[in-house]
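What follows is subunit A paired twice: with subunit B in the first complex and subunit C in the second.
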Partner chain A sequence: MAKVLMKGNEAIGEAAIRAGCVHFFGYPITPQSEVPEYLAKRLPEVGGKFVQAESEVAASNMIYGAAGVGMRVLTTSSSPGISLMAEAMSYIAACELPVVVVNIMRGGPGLGGILPAQGDYLQATKGMGHGDFDLIVLAPSSVQEAVDLTIKAFELAEKYRNPVMVIGDGMIGQMMEPVSFPDVEIGPPLKPGDWALTGCVNRKPRIITSLYLDAMDLHNHNVHLKKKFAVITEHEQRHEAYNCDGEYDVLVTAFGMMARMCKTAIDTLAAEGIQVGLFRPISLKPFPYEACKNAMLKGKRVLDVEMNMGQMIEDVKLAGLGARQIDFFGRAGGVIPSVEEVMNEIRACHAKAKEKNP
Partner chain B sequence: MANTEVLMAGFGGQGMLLSGKLLAYAAMYDGKEVSWLPSYGPEMRGGTANVTVVISDKPVGSPYIIEPSALLVMNGPSLEKFGARVKKGGLIVINTSLVAVACERTDVTVVYVDAGGLAVKAGAARAANIVMLGVYVGYSGIVSHDLAAKMIEKEFAEKAKFIPANLAAFEAGYSAGVESRKGGA
Partner chain C sequence: MKKVFAFTDGLTRLPTHYCPGCTHGVIHRMIGEIMVELGIRERTVGIAPVGCSVLAYKYFNCDMFEASHGRAPAVATGAKRTRPDLMLFTYQGDGDLASIGMAEIIHAANRGEKFTTIFVNNAIYGMTGGQMAPTTMPRQRSTTTPAGRDPAECGFPIRMAELLTTLTTPAFIARVSSHTAAQSVRAKKVIKEAFEHQMAGTCFTFVEVLSICPTNWGLSPKESNRWLEREMMPYYPLGVFKRPQESTGGDHGKH
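Now for the complex of A and B:
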């Protein structure tokens, strides 16, 4: 299909429809309001349903209910709104329902600001709610990738019956880039399988609940969820290694839009004769530890760059297990690190790498 | 081709975001990689609004640009805010109908154009943003005249009565841009 120029937020909305999701529940919040705005117009055109809930708490429980009856569903929000959805996310994961949530992050903590940030990495990957559960978390770095990963998110959510989050910063929601979509107008509806509440005529009633009063039953359910995520971890790691084929002293680690801005810094430095590799996890969860480690070990020192105060760096450290020194550069609250600043940080890291390893 | 980064700035409502979109669309149809990144701060109508368009032969790395190669300003505050950031050897296009001061830089090319006046002559006072687009396309040749004009027709397809005046505004700006280039400005 021909390319069109679209805002990330609108492209995510269209991608959901192409994936066959025609049910949306949400609440507006900058910088993701164009998703509900776009879907409010588009969903009625394709026979879908758009509901603006009274709050994020309500929207997240609406997707819980809609997924429970076998509907493919989406909600989107931005940082403070996502926090309000934490309780429902835990319930949804406990009940093994396939939902997709998009978080277009803004500066925090608290009400914060409305400008781009990456401060919800740890929330998404380690602590989206109470209890033992994991989200699959995918981080695009272009509008096209936001489209592709949104479609992939529905596929993974249903394959594993697990909630999936697509996470980007305000920049990716607001910027326009050329994108192309799959030709299919609306994907096939979800197959409700043997779990959805579709009416129990001629069959035994089913129940969707996360209440287990028997401790052993609940323990076993936890073990089951953990085993499931082990399978996901084995099969669903995604990453990009940029400029990593040749030799380099410094490896930059970054995700989402920040990774792509680092590419400009890396290309510019290559012209100066400094070769730098970039490791970008695309699946933040499961984090590609092994691939990250391999990229780290090829170089002498690591620079982790994020639009926060240092969150993904914890996973980078876990990947390296102390094998390499890791420097950090970050800006938070909506301040976007400039390419020039990143280049200076890389130069400093490069100098240290040379000093220690002459 | 190196990256071309164009920062287009004015008051909210003056249409610089639209001018940027038309430029990005034209470059995209020309086979280039493009990105369009707006400021989306709390300011809206009456506040300042700007957009950065990056055009490249390679996939665009950072869409967030501190030092653009070209700056198109509709109003004084935008010149004040961004004038010093333009790369050495770059281009600044100034709308003299709203900017009373001259740009003091000597290491960039400055093109002065009465975008508001030309828009009125073209029959659409609100099309000063399209005049500015015309000046930039005429001066830089970044995309062809015809392709840019086609984007304007496409954009206003559902409000066809606005097409002639906007095309006239584009022509006026384009001619001014071509003239400035010839004049070695």
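Now for the complex of A and C:
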């Protein structure tokens, strides 16, 4: 299909429709407001429902309701709004409902700012709500990839009956790039399984609940969720290894738009004769530990670059288990590191890698 | 012999966990019977709250959600908007609806969501052990107002039916009581009308049901009934506050 020039947020909205999601519940917040704005216009055209909720608390519970009756559904927000969805995300994961949530991150903590940041990595991958549960978390580094991963998110959510978060920084949401969509106007609707509350015609009533008053029942439910995510971990790891085929001393680890900027730095340094690899996890959860470790062990030293104060570095350290020194370069609050700054950090890391037993 | 009374197919046969004297069971039965009488049981999805009736999903013989505390109207919104062919009801207590879920109920009512809310008001938090609710009466003792609710500190009880009636959006809003057989018969008629409005896709429908809590009020069921009549009914008058045709909301957009 021909490419069209679209803003990231609008492309995400369109991608949802192409994936067959025609229902959206959300609340405006910068820098993701173009998603609800786009869908407010588009969803009535495709016979879907758009509801502007009174809060992110309500929006996330609305998707709980819509998914529970067997409908494909989306909500989107940005960092402070995502925090308000923590309650519902825990319930949705506990009840194993397929929903997709998009977080177009802005600087935090608190009200923070409205500029791009990556400060919600740990929230998304380690602590989206109370209790033991995991989200599948996918991080695009271009508008096209945001489209592709949004479509993939619905597929994974339904395959595993698990909430999926697509997480991008504000840049992904705000910038315009040429994108192509699948050649289908509206994807086929979700075929609800025997879990959905569709009305108990000729069958026993169904219940969607996360209440288990018996401790052993609740323990067993936790074990079930953990086992399910073990399957997801085995099958759904995604990453990109850039410039990793040849030899390099330094491996850069980064995700989302930051990884894309690192590529420019790496390409420029290659002209100077410094070969640098890049490891970019696409699935932040499940994190591709093994692939990350392999890329790490090919080099001598690692530079982790993030638009936060060091969050994914926890997983990079886990991947390496102390096998390599890991330097960190981060800017938070909406400060986007320049390519030159990244190059300087890589040069410094490269110099240390060349030292004997640093 | 002619059978004149039978267990309703609208409820499961499980014994409920409610305390002696509690009227949740009576209110459950009304809804169960209405589902059968209207022939909607197989297309009804109910939403249980957090509170005493958290386990209501076990008792209604239809598809059921369990919602997080106060969010049932948001859950119902998501379900009803995407599956308008289903009948949706939320069953909520006073802590759930009038305290933590205040935003969700007001906005669902204001959007005119086409579902039915049954709001059980017994002026106390029951499940957590008798703490003050937004509907607790002035001077009423609770475990968090041991000297009695002081309106200077805690404000006055919130009249939800009246509050929602102030909204311009068309709605069916009523208050009934479940403490006597006669009142329960009237209550059921009103709740049935609410469901009928939903069946017709007319408007948001809300029925507040006054209820007793002998356990946490520290009174016998008989004393509880007297207390409800003496303390609650003057402050929470019964009646239908709003019917959809009485609303002027439809004219507001015209110039």
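Quick note on the criterion: the second predicted complex is superposed on the first by the 356 of 358 C-alpha atoms of A that agree within 3 Å, B and C clash if a C-alpha of one lies under 4 Å from a C-alpha of the other, contacts with A are read in each partner's own complex, and residues count from 1 in each chain.
FYI, contacts are C-beta pairs under 8 Å (C-beta built on N, C-alpha and C of every residue); 3 or more make two chains touch, one makes a residue touch a chain.
On a predicted model such as this, the values are computed, not experimentally measured, just so you know.
Trainee: Should A:Val231 be classified as contacting the first partner (subunit B), the second (subunit C), both, or neither?
Mentor: neither
Trainee: Does the superposition put A:Leu321 against subunit B (first), subunit C (second), both, or neither?
Mentor: In the superposition, A:Leu321 contacts neither subunit B nor subunit C.
Trainee: Applying the document's definition of touch, where does A:Tyr64 land relative to subunit B and subunit C: first, second, both, or neither?
Mentor: second
Trainee: Look at A:Pro178 in the shared chain and tell me whether it touches subunit B only, subunit C only, both, or neither; answer first, second, both or neither.
Mentor: Only subunit B is touched by A:Pro178; subunit C is not.
Trainee: Count the residues of subunit A touched by subunit B and by subunit C, then name the partner with the higher count.
Mentor: C
Trainee: Where on subunit A do subunit B and subunit C both make contact?
Mentor: Touching subunit B and subunit C on subunit A: no residues.
Trainee: Give the list of subunit B residues in touch with subunit A in this complex.
Mentor: Against subunit A, subunit B makes touches at 21, 24-25, 28, 33-38, 40-42, 59-64, 66.
Trainee: List the residues on subunit A that touch subunit C in their complex, please.
Mentor: Its residues touching subunit C are 23, 25, 49, 51, 53-55, 57-59, 61-71, 73, 87-88, 91, 197-202, 205-211.
Trainee: Across the complex, what residues on subunit A touch subunit B?
Mentor: 3, 5, 30-31, 114-115, 142, 170-171, 174-178, 260-261, 263-265, 267, 336, 338-340
Trainee: Can you list the residues on subunit C that touch subunit A in the complex?
Mentor: The touching residues are 12, 41-45, 47-48, 54-55, 57-58, 60-68, 71, 74-83, 86, 103-104, 106-107, 111.
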